[in-house]
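See below for the structure under consideration.
A, B, C and D are the chain letters, set down in written order, and residue numbers restart from 1 in every chain.
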Amino acid sequence: MDSFIQQLINGITLGGIYALIALGYTMVYGVIQLINFAHGEFFAAGGYVGVIFLSFFAGLGYMETHPVLCLTASFILAMMYCAYLAIGVEKIAYKPLRKEARLAVLLSALGVSIFLSNGLMLTQGVYVKAYPSELFQGGLNFGMITISYLQILIVSLTAALLVALNLLVFKTKIGMAMRATAQDKTMSALVAIGSNNIISLTFGIGAALAAVAGIMMGLYYGSVNYDMGFVPGIKAFSAAVLGGIGNITGAMLGGLIIGMVEIFGAGYISGEYKDVFAFIILIGVLYFKPTGIMGENIDDTRV
Amino acid sequence: MSSEPILELKHVYSGYGSIKALRNVSLKVYPGEIVAIIGANGAGKSTTLMTICGIVPLEKGDVIYNGSSIKRIAPEKLPTLGLCQVPEGRRIFPRLTVEENLILGAFYRDDKPEIKRDIDHVYSLFPVLGERSRQQGGTLSGGEQQMLAIGRALMTKPKVLLLDEPSLGLAPIIIHQIFDIIADINKNQGTTILLVEQNANLALQAAARGYVLETGEITLEDKASSLLHNPEIRKAYLGE
Amino acid sequence: MIQEFKKIWKQYAITMLWLLGLLWPLLGIHPDGTLSFQQTVTVWSYILAGTFVCFIIYIINKSGNFKFFTEPVVNTSQKLSDMVQDMPSWIWKSALLICAVIYPLATGRYATDVAINVLLYVSLGLGLYVVVGLAGMLDLGHIAFYGVGAYTYAILNVKYGMGFWVCFPLAGLSACIAGCIVGYPTLKMRGDYLAIVTLGFGEIVRIILNNWMSLTNGPNGILGVKTIGILRPVMENGFTFEMFWVKKLEIFYYFALGLAILTIIAVTRLNFSRIGRAWESIREDETAAELMGVNTFYYKLLAYAMGAIFAGFAGALFAARMKFVSPESFTFLESVMLLCMVVLGGMGSIPGIILGVIALIALPEVFRGLESYRMLVFGSTMVIMMLFRPSGLISAKRTKQMTTKSEVKE
Amino acid sequence: MSKKIFSTVLMSLLLMSFVISTASAETLKIGSMSPLTGPYASDGTDIKNGVLTAIEVFQQQEGGIPGYDKIELFPQDDVCDPRNAVAAANKLINLKVVGVIGAYCSSCTIPASETLDEAKIVMITPASTNEQVTDRGLPYMFRMCGRDDDQAPAAAKFMKESLNAKTIFIIDDKTTYSQGLADGVSKNSKALGMNVLTHDHVNQGDKDFSAVLTKVKAAKPDILYMSLQGYSPAALMTIQAKRMGITAQIVTQDATFQPKFMEVAKDTAEGVYLTYGFTDPTTPEYKAFEQIYVPKYGKIAAYATYAYDSTIALLKAIKAAGSTDPDKIKAELMKLDFKGASKHVKFKANGDSGSSYIAFKVSNGQFVPYWDPAKGLIK
């Protein structure tokens, strides 16, 4: 029982990180129907920029005096950096191809992904970069169960961001405009919504969330490396599809499910086949509900 | 009729890649009037409206709105200048509620109380929308969607409203209702309307002047009433 | 000239500034709490210089200043192609064949090795083309069938001592069965949902290969796979047959060539057959196809099966050549690269796919000299290629029009 | 249609001719093969740097090789992928290199060596420890590092005798190398009467080990044996284990012998044991290596030293043979008997050079020799 609860906590933490990355996939997909393969790289870049700023602050000596402030600043700066990166990537590599066949953009996205991960390798080195470990040591102990402070931070920050994003998308005019652009770009232009700005915004928000996930991953695992974006990228993409791609609530749900299945699969059945379980769940869900858990059938709702 | 046209197309050529949809189209719309463009399927009526709004790129010629060229202005800037289109097939946002659709019509505006008042105004024009304000747009019937589309366009506070086939696929009774409201908008709010219709009879009855578009070219231009009685038109478009 | 390209210049300048902003945090912020600009600016100015040269060439070319050079080239190639067009098709076909046949004799071992890779991937790519290009189903796990084929031969050969020629059809068959297994649950799905499910299947196959120790020997792979053996008549001591093991790369090249030609012929014939038309109708509009009486279930499954068979054949040949199989050759990235080959060359044209395969196999080899910059250059090349030729290097006009239209509608 | 085909051919011929390249005559060409991109790029780069250092040192100390102006290295990237490895091997054959140092992953070394064998090119691997590398009886295959079946008994013996372990929990990440070693450790530990509680697996590229570590925590073993390819998953697992409050002693293997391990795992690395071939950092040979390597490439890591020694051995043999004939070089390699930076180099008949695995302990951010199977605790 103890280890069950421990695994549950592990699963939620991992699922939360996946959910944050999956949101970027799903938002971009919702707006321009593109599987943004480079999204995993935004996540990795976020992790790197986070450690760059954290160690910069540590070098200045602020880390000891104002740890919370430094951490917050690093988060915000990394989010801004990734948003800047993503918006630029969209403008250079995706926007000119918007009217072309979708596979062309897919390929371009793949090229960007290869470029970015190798760019990270060349600028940051092939070696793993360590995160400052002084932050968030220790945790709460309940008998055999350990909840580290870091896990608490990850889960609560993830939850806060998800709520904020939901508010943004469903309660504000900008969010309405994002949903409108996703449904009909020509029509939204006819009601004065600049789809280019909305697409940039979507990329920016998605990448900023990925940056948060990247830093949390770096803190949680103690290090970042240049190809760290690939595997979580695929998992998060699966999560987005599982939840119904294009659907924000679905992405969160999908992320949690994939994270849980992975942890419980590894914990109770077999560590080496854990990814198989995740994919089987995915295939099973899609077999019975071909548009994912929360997905709507786009073909039918379009007039 | 005042002397200066509010919207003018000067020798416009446009098309989709190698396919030329419009050739040398010139037309004028004066403030406060209803102008109809009639023509058969594929004559380029919708393309004309899409070219005005910059969605279909202009190849040659110029579009003058309110005294200045708008051919270099991005499509999404036009509604802020008072030029708004209700495209063919309504194209409301199906997974947004009725109210959200209307709010988006006022996307560029910041005046919250004013927007609230305008929404109420739309609801008073189309009471059925008021009843369904929390419903998703996609669940409305065709007529209701058309009303929503017009209502949403009104939210942009247009000076010139471009209407594309408002009668398409609707029951006759609904069509009449909608055309009444169009006339009402024109009369009471002074909105200039450029109407594109396949249903020539209806359109010419509502309009003051009309243009006939055939395979991308304007072939006739006249008062609506004279067009309505033009035997050729009657033969070609009114089924006589 | 400057005026004409003002917009492009502006875009270029903004891009370079963006890059500078991107580079600086990565290179200019140091863990000791200092900031520097030297390194960033150095790196940036290298990139600037490099791209500037390319950009100038592009601009000059665009503005027609290279006409004195390009025009004759274009003219001659035009004339040549006209000449080729006038000739009956068997002439250039056989010329092509002769080129392919003498290729290993004219080049070195390494080039032959690369060529074998290209030929194997041509078979693979054409198999994927059946699924993606013809039937319109996005497949991100095609390499799994290649793996199944390779492992079938390796296991049958090493564990049961079966020869290549017995295993070759069996490899195709087992890949075909795998294709049907993948195909069956995915038939209900469309578009990107299909993509993720095929991705999932691809990964499942790889994980199974990696973990089923007793059958596949797990990550260690299977060693000692026999190469192709042919019975060769020997005239000494009367007329007997002798097993001849294909060890030389050059001879192996011909087997790969044979398979590639076989695949090209098969796919061409499929393309213009009734089945091919059925697939195209499914690609353009599945509902309409079904209403017109096309059994979409059957044809979609058939597309998977056909695609898988070619991959299985190629896999068997791959195992025979490497004499070693391990799960590392069948990763997701490999599937993605394969898809790239099909798309990059030009969806829907067989020469296009061949060109795409050559580009994506040979480019990383060409860039080998760049060492660690290799993949960076490769990635940017991919983006640039797509930006300039979005419908592929050689696009099939008919297919392109139809596909873009259907994509827009979705 | 035909125009397309025509341009296809033209393009392909153009590309192919690009691929084939040649170099000038007066240089002695040697190749290296290691992952320079991909997940193992760090270890691969270490190998390349080790080889480059060796060439520099050899030219300084031994004055190069008569008849050649310079020694040039052609480093190849194999991405730890067999297909790329074979392509790289063929490329090296084309370049007419005299010998090859590499590869890193056993799964690359094996197929690449088959290819190189066809062209009779000597290959010395500095890092592939799988038994199959030399057990296939290839005449030109040599190995500078140890074998998994040397390391496994040493590790088992260490856990039994020095740590007095009774129960062990083994985790590997399913690569040719890591799983082979883990199997060996499991077998040897059982033979020594220890209880192997579980032999669990994770996948390559995994970052989250919380599930398996929760199992470890519940099983309460004396020892957690990690056999993971590369230092980085080892560091991740160490951090997560300590954070989860696992008190078992952590023992790991040679792939972790990388200063970066401590840099990432920081204080959690303290007290981790690992087995690695004994290298005496006080010998003049090591110092010579260190002097060139450290200023240029930073801290010395697991395979750089072996790559260095492999290269020195190869160059010595070529010099002694006085020709590039592979059989002569092989004969000279077999005769070699010299003090290298990592160990005393002398090849056995099967191409192995033997190994002297000892246990190291991480203390104060350093790998400190701790225990020797022959002598016990090292003071």
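Note that in this section a residue touches a chain if its C-beta (ideal position, glycine included) is under 8 Å from a C-beta of that chain, and two chains touch if they have at least 3 such contacts.
For clarity, every value in this text was computed on a predicted model and none was experimentally measured.
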Treat each pair of touching chains as one step and give the shortest count from chain B to chain D. 2
Graph separation of chain B and chain C (steps between touching chains): 2
Tally the contacting C-beta pairs at the A-B interface and at the A-C interface, and name the larger one. A-C
Interchain centroid distance [CA atoms averaged], chain A/chain B, Å: 42
Take the average of all CA coordinates in chain A, do the same for chain C, and state the distance between these two points in whole angstrom. 30
What whole-number Å value describes the gap between the mean CA coordinates of chain C and chain D? 32
For chain A and chain D, what's the span in angstrom between their mean Cα positions? 35
Please output the residue numbers of chain D that touch at least 2 other chains, ranges allowed. 37, 41, 45, 174, 201, 203
Considering chain C alone, which of its residues make contact with at least two other chains? 207, 210-211, 372, 375
Two or more other chains are touched by the chain A residues 118, 121, 126, 272, 275
Pairwise touch list, complete, is A-B, A-C, A-D, C-D
Residue ranges of chain D in contact with chain C within the complex: 1-9, 11-13, 15-16, 18-21, 36-37, 41, 45, 75-77, 80-83, 86-88, 90-91, 93-95, 106-107, 110-111, 114, 118-119, 130, 132, 136, 174-176, 179-180, 201, 203
Contacts from chain C onto chain A in the complex sit at residues 15, 18, 21-23, 25-27, 29-34, 43, 138, 185, 188-190, 192-193, 195-197, 199-201, 203-204, 207-208, 210-211, 332, 336, 339-340, 343-344, 347, 372-373, 375-376, 378-383, 385-387, 390-392, 400, 403-404, 407-408, 410
Which residues of chain C touch chain D once you look at their complex with the stated criterion? 77, 80-81, 84-85, 89, 92, 96, 99, 103, 107-115, 117-118, 207, 210-211, 218-221, 223, 247, 249, 322-324, 326, 328-329, 349, 351-352, 354-355, 358-359, 362-363, 365-366, 368-369, 371-372, 374-375, 394
Which of the residues in chain A come into contact with chain C in the complex? 29, 33, 35, 37, 48-49, 52-53, 55-61, 77, 81, 84-85, 88, 92-93, 96-97, 99-108, 110-116, 118-124, 126, 234, 237-238, 241, 245, 272-273, 275-276, 279-280, 282-283, 286-287, 290-292, 298-299
Under the touch definition given earlier, write down the residues of chain D that touch chain A in their complex. 37-39, 41-42, 44-45, 171, 174, 200-203, 205-208, 210-212, 214-215, 217-218, 231-232, 235-236, 239-240, 243-245, 260, 263-268
